[in-house]
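Chain naming follows the written order as A, B, C and D, and within any one chain the residues start at number 1.
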Amino acid sequence: MELLGLFHYWVFAVLLMIGFYAVVAKVNLVKKLIGLSLFQAAVFLLYITMGKVSGGTAPIFQAGMTDALFSNPLPQVLILTAIVVGISTTALGLGIVVRIKEEYGTIEEHEIQEIDRR
Amino acid sequence: MYYVVTIATLITMALALVRALLGPTVYDRVLSVNMFGTKTVLLIAVIAFLAGRPDFLDLALAYALINFIGVLAVLEFFKSRAARRAAERAGDDA
Amino acid sequence: MTVVFGIFLLTLLVITAVAVVRTRNLFVAVMLLGIFSLLIAANFLLLDAADVALTEAAVGAGISTVLFLGALALTSETEHAATPHRWLSLIVVVSATLVVLYATFDKPTFGDPEAPIQQHVAPWYLEKTPEYIDVPNVVTAVLASFRGYDTLGEVFVVFTAGIGVLFLFSAPHGHAARRRPGARDGSSIGLRDDLIPRVVGRLLVPFILLFGLYVQFHGDYGPGGGFQAGALVAAAFILYALVEGEDRTLQALPFNALLALMVSGALLYGLVGVASIFLGGNFLDYSVLSEDPVAGQHLGILLIEAGVGLTVTGVLLSIFHAFAARDRF
Amino acid sequence: MQTVLDIMSWILLTAGGGFVLVGGIGALRMPNLYTRMHAASVTDTMGAVLVLSGIMLQAGLSLATIKIAAILLFLLFTSPTSSYALASAAMLAGIKPDAGRAADCEDAS
């Protein structure tokens, strides 16, 4: 049970590195962006996991809930805004990829580099 | 007693995920995404009552309304792809 | 028991992530990313983060799929087989994973109420929110009032990203010669020919808008707020664009109006801050907006949440239109 | 009265869970796309209706019941529509309904 308490963090580590692998190893630019959003999701998960209190509940007061235990609201605030920022920045990245496709005719990194060398 | 439903939903989610991984066609994958969406609605509704927080139902409502958009986007994507290919073929012939 | 459910969902999450990276068909990757988003939202809910789960639901289920599909339609659907330096990157990634895994052993156990993160600021927020701000949703109180500066920054980041996409797509087409007249006819009318999706879609649009407004104004009392509401309203218009076509959506909500929404939301947020300076408080200190400090806080939160909602709607919709209006080739 | 309601919602929830599970197994095991779609729709209609009405009995007369009713209504509108949309897209792409065998082939794109 002691080790199971760290399971959430292991999932974070593995997800983070799956995203990282997609960013460094894949040459397709859309795939890199997908990897980036996996990476981002892993970080979201870490923050929310850290804010959880065992036996706690969502930090929203309700009638008839005196001295209930609440989870930490602060990480939730940070991640809530980060999700919307994340989709906007992903859209910006996709915009850049579309422009690259229009100019180079490909979205594979090594082909783009070859065209640049010429 | 909510546990029975939660466990059934979770197992079905796992089965749908297996279907999404196996394919074989892209339509199977769209089907399992759609199925996964409905299962999430059920799961969230049950968890809301399991945790004794009925205000979580807003989330299930959001999914019930929004999930539809994904499937329609896929349909529109297939249609415009077919139109694009037809236009390309016509362009090649000309 | 809930912990076991969480562990099961997390395992599915990892399997999905591996599949997303392994598949060569980008369309399949986008579909699996949809499943990933559903799973992570369910996880957020199990971890007591209802507001975050609602945001993920509003953004992940509709908008992100639509944006990725739009980008795939403009680029390509399959990935080439080549992965140069595959072994090198695998070695780097595996060793980095081992380092991060080693670091996790120093973390406090999951859900530990004695963990350092639970000792600082958070208890103060939970204790003082009823006294200073008096809204039931502590997340909204922290988001809009206690940490209003952060949120202002985030709103401007979203605004900047929107401007960036519009700027990128204002460039002329690289392959103008390849454009064919009439090639766009098929893409702009949406699903107008499919009767059943069209009828049901049109039926749902007002309900999504209504639900968006509910989330916007009920955000003080339950999960919700400007970010979620903005994404939901944007999703409603995207649905309308899918079933009725781009041109009719732009008739309903013209592009200039979208730009106005973007700008006015960010401006409203900033002006609330400036107004509180002129009334004798600090920047974004809403207590001075009204005679009663708590009523002032309520007014301030209402205004800045409205600002956030307007900006998010404007940015997400103009990004969508920018992608959709790009000629396909 | 409370006991009767509890027993009824028990029955509804368990039956709903059963339908959800059966649909899931069907979606995995059926031989081709259209039969799988058929199995999956069991979870979207019967499963969802039973589970949500079971919860509704537990919630009693409150705002939660109205929300669940709304969820149920929207699910009953959207899931048949998306099944239709999917089936028509698959049909247009040339996947033939053939109940006997695995009639799928990977879309060439």
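Observations on the model:
Quick note on the criterion: a residue touches a chain if its C-beta (ideal position, glycine included) is under 8 Å from a C-beta of that chain, and two chains touch if they have at least 3 such contacts.
Just so you know, these numbers come straight off a predicted model, no measurement behind them.
Among the other chains, D has the CA centre that is most remote from the centre of chain C. Counting C-beta pairs in contact across A-B and across A-C gives the higher total for A-C.
Between chain B and chain C the centroid-to-centroid distance comes to 18 Å (mean Cα coordinates, whole Å).
Taking the mean of the C-alpha atoms as each chain's centre, chain A and chain C sit 12 Å apart. In this assembly, the C-alpha centroid of chain A lies 30 Å from the C-alpha centroid of chain D. Residue positions 50, 72, 194, 197, 200, 204, 207, 221-223 of chain C each touch two or more of the other chains.
Among the residues of chain D, those touching two or more other chains are numbered 74, 78, 81, 85, 88, 109. For chain A, the set of residues touching two or more other chains reads 57-58, 60, 62.
Of all the residues in chain C, the ones that touch chain D in their complex are 77-78, 194, 196-197, 200, 203-204, 207. Listing the residues of chain B that touch chain D in their complex gives 1-2, 4-5, 7-9, 11-13, 15-16, 18-19, 23-28, 30-32, 34-35, 38-39, 41-42, 45-46, 49, 54, 57-58, 60-61, 64-65, 67-68, 71-72, 74-75, 78-79, 81-82.
Residues 74, 77-78, 81, 84-85, 88, 109 of chain D touch chain C in their complex. Of all residues in chain B, only 3, 6, 10, 13-14, 17, 20-21, 23, 26, 29-30, 32-33, 36-37, 40, 43-44, 47, 50-51, 53, 55-56, 58-59, 61-63, 65-70, 72-77, 79-81, 83-84, 86-87, 91 touch chain C in the complex they form.
Residues 1-2, 5, 8-9, 12, 15-16, 19, 25, 27-28, 31-32, 34-35, 38-39, 41-42, 45-46, 50, 53-54, 57-58, 61-62, 65-66, 69, 72-73, 180, 182-183, 185-187, 190-191, 194, 197, 200-201, 204, 207-208, 211, 215, 218, 221-224, 228, 232, 235, 238-239, 242-243, 328 of chain C are the ones that touch chain B when the two sit in their complex.
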